[in-house]
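A, B, C and D label the chains in the order they appear, each numbered from 1.
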């Protein structure tokens, strides 16, 4: 029985991180109709930046204040997003999708090496926070408290995002722009501003995912490419452009992965993709998607 | 026998009754004008008959056969073709290619991937002939995206005409061109339609054109057929005037 | 932006192609005797990739569908060969090619059926997701595929002849195998040229330009897209089969989605609106990547930078830009 | 039928703190005096293409390999180079570019950069790919690691140009299993966590076959196969905990192992079961923190740990560790030792060949000297078997222990386990088997212990 709780925590842990990444990807697509292939690298950037701040800048420190450094990566990713959107992506909105995909694919390759250049080629960790948080008892098992924090942050982010989009004025503007950019523009909405904000939020989410995951795990090169393809599974299941879809998709992927590793250890990864493929054949637009 | 007949054909968009239980018939060889104010349901009716839209209820009979559930492809094979109100061409292909494509498709030659398109000489000959009929031959090697609006409207009709349809829908063939150009365009289209004895339905706003070129006029208003008759009958119909031109017009 | 007409279907003399194709072909024929073996091997890689990109471009350039999952069909071709070696001890290159065609046909029909219901970004993401299914299978079914270690493929028999030049594999690659690739490449180019200049190819371009109107001249667009998808996938599968003996083994890397990205990259580099664009793109990319990897650990950034600049400044690619310059030089403005 | 204790003794599995002792005939060593070379030697640099992981998660294991190569090359160059003339020049190549890119790069190094020799390789996924290419290229090659049995069992069964210096991979799983059988014979259940690639599969196979013989009552109750270079082992740990085994055996290494043990600590895994690793302390020693539990059977790839053979008993090791520490400010791992030794092995082979032929010896002459060479390196004697070109040295493993001298755990100097390598690997002439020759050899020739 207790083990089920632990399995559930694991699934939620994975889902929280995936939701943050895939949710950001989906939000950006929903508003700007652009699929950012470099999105996974912003996740990686978040992880490396936070690991750098905690593991190197304040190496050796054991203070609880270190928790304040956690958002470093998220903020850095958001800043990068705020710069990238107007400079690199904006010229491409009027151009065919293949160019949009390609420019973000180019960005992916550049960011991959930029991270290597800035943070070095070795894995980085910030495990001091993970260790500080300690563990708690779940029946006969012990579970890292830090992982529960990650789940909480993921849940809070989902809640906050929902409130932001459905309960604030900016949310209204965002949704209006997402539904009809021209009409919103005619109604006096500064579309450029909305775009840069939406992109920044999306990048922030990806960076946050990287930031909170790194103390419990570590930052390695290539994590961005892997994360992107996983978040594609999430949005494929949930439906591109839908935040609800990203949430449900992340939960499904989190649960399936946990079951897959426990029951089909030989083919855990394949199980995930096979189920995504199954959803595709039945509902190609995803569970919450609006297909073209 | 009627070439085309719709029975209680209905299409809703939400609460709007775009087409509301319409019974609409066209006889062999007729040239019918379909008129009505904006939103009257003319284009929706054509979309339903040509297969672009699926009806919510009702039937469409073409030459006595029920084509309600037929695909666009099936309807085109049966002989229903259409042009578009907003020009719909293959802009990155040449004018000649646009027409030739229709002929290739009509002759089921587009399945051939083992012969050079170039070598189908009869097709190209026919395409040149058609462009000649429409007065577009001088433009044949230009890109369809690079000719004037009036020429594009004509080409749009030519592409539909090249399918050799039994029934041709022309959705506002002169919209978007200057008044001066309208008559020449209609003259070309009319002479081709008449000479080939094609049954045609023309959606049009310009009353002069309508009265000049059509055998019969069908008036739609708010999704229903308000009146149908010879031009001179419609000309005197007060209800039509109110519906189509607004009460002030009377 | 000026668009150079991709096709004017009538009155295109094959002679005009011959004028530049024949000298180029001669150059390729004498190549192994003129340059060092490594350059020949690189060109062989380039020609193999050119077949794949040529296939890919039937979808992007001619049908208007951007596949981000063409690694799947390349991988299917490669793994088909590896399985034939592993389970049936086949050695004949001709049988390999047949096997790759059969395998990639099966997979493309299945994937294509799901994908051609959608266009634009949805098509791209569907193809990507489906290719990753194959990647995960290749990665995880260790007993069958060798997992990340991949499967080895020994030197094949060409036309039933056991490695005609004896033991030396490098000589085999730069002579026997190089010419084999060159012949298959030439055949593929000829077939693809026929396909895109056939009435069928015209129909694909009409679908690319205007899906609705294509439907209303009586084209069943899904069927056409599916056939295009099939031809495209099979070409890429053939390339996969040719690639394995060159590489010596096949690993899941060629099924992973960034490899699909490289295929797209090659098409855009060469210019996907030109028939020859993919060929030029594949050869140049292959050369560029090899030297970038050798020159700097930051080769990825270098390639990424090239890609970004390319889509910003030269969206018509190498061939498109040359044509444009050529046209300008001759003082003839298009459009 | 021998008892387990008797059979272990037969195998020569010993727990002791002694260095290598007996010197065989014809043993070469680093400290050999330089003789004047015969004939004229060109002064063209001797170019070695060195490919290993310089980036990514594998770099913790790969970079020391390069450093070992570099250190040896500098020592040799300080004496004027190979045969006093040919300075060694190393061209780096990054193994992390992927298997397919690696095969291309090897061809480029040979055909375009004209390297005289190739060294390196960390991943056992890469040697079976590159081995045949090296043979095609007729490129003299000493693989340092990537030690899968598959290379010489299947991929290149009759090697001509390729050699490998560190112990064969099957020894890793077998050594781990023998260590377990000797230390914890009472275990009834065990669980696996292995990276999902050649190395993990190999460890799984050989641990299983040896344990089946030695501890027939012990059952495997759980398996987990995380992707190589993963960072999240939470579900794999949970699965293992749920199975409640007496022992966990894992072949995770490098950054993967670091992330794993930190996560396992927070899940209380080490308190609930014994843990045996094949490569736990085998990555750079300083990568593991003092929070790592003591008493874990900590593998060093059945190869080398810098604390053994201990300093005074085996000066070659003391000398090597000191030089390495001085130059790179870290301690060498088994790959640093492997590459260092391999470079000196090359030097010795070149010198011996020169004495026979005069002038710069051709590759065949060097190969003739490499085959069957017995060489004393920092890690003890290494013997290059002529039939399969594989280097063999006694396998070692031990138990993690924190000592005040080092800021990281080392192998407990009082409980080092050594096994003569010939007793755990298939002998020459044994037919090629599936999954490995050593596997079938153990399966068919080792006696079955009674419970």
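One rule holds in what follows: contacts are C-beta pairs under 8 Å (C-beta built on N, C-alpha and C of every residue); 3 or more make two chains touch, one makes a residue touch a chain.
Bear in mind the structure is a predicted one, so any value in this text is a computation, not a measurement.
Common neighbours of subunit B and subunit C: there are none. Using mean Cα coordinates as chain centres, the one most removed from subunit B is D. In terms of C-beta pairs in contact, the better-connected of the chain pairs C-D and A-C is A-C. Spacing of subunit A relative to subunit B, judged by their CA centroids, is 51 angstrom.
For the pair subunit C and subunit D, the distance between mean C-alpha positions equals 41 Å.
Subunit A and subunit C, compared by their mean Cα positions, are separated by 33 Å.
The distance from the centre of subunit B to the centre of subunit D, each centre being the mean of the chain's C-alpha atoms, comes to 79 Å.
Contacts with at least two other chains are made by no residue of subunit B.
For subunit C, the set of residues that touch two or more other chains comprises 139-140, 142, 297.
Counting only residues that touch two or more partner chains, subunit A has 116, 121, 266, 268-269. If the chains shown are joined wherever they touch, the resulting network has some other arrangement, not a path, ring, star or complete graph. Every pair of chains meeting the contact definition is listed here: A-C, A-D, B-C, C-D. Touching subunit A in their complex are the following residues of subunit C: 60, 66, 68, 114, 117-122, 124-126, 128-130, 132-133, 135-137, 139-142, 257-258, 261, 264-265, 268, 272, 297-301, 303-308, 310-312, 315.
Listed in rising order, the residues of subunit A touching subunit C in the complex are 29, 33, 35, 37, 88, 91-92, 95, 97-99, 101-103, 105-114, 116-117, 121, 225, 229, 232-233, 235-236, 240, 266-270, 272-274, 276-277, 280-281, 284-285, 291-292.
Across the interface of their complex, subunit D is touched by residues 3, 6-7, 10, 13-14, 116, 121-123, 125, 127, 130-131, 134-135, 141-144, 146-147, 213, 216-223, 257-258, 261-262, 265-266, 268-269 of subunit A. By the touch rule above, subunit B contacts subunit C in their complex via residues 50, 52, 71-73, 76-77, 81-82, 84, 88-94, 96-97, 100-102, 104-106, 109-118, 120, 124, 141, 143, 146, 159-160, 163.
Subunit D contributes residues 54-55, 93-94, 97-101, 103-105, 107-108, 111-113, 124-125, 128-129, 132-133, 135-137, 150, 154-155, 196-198, 201, 227-228 to its touches with subunit C in the complex.
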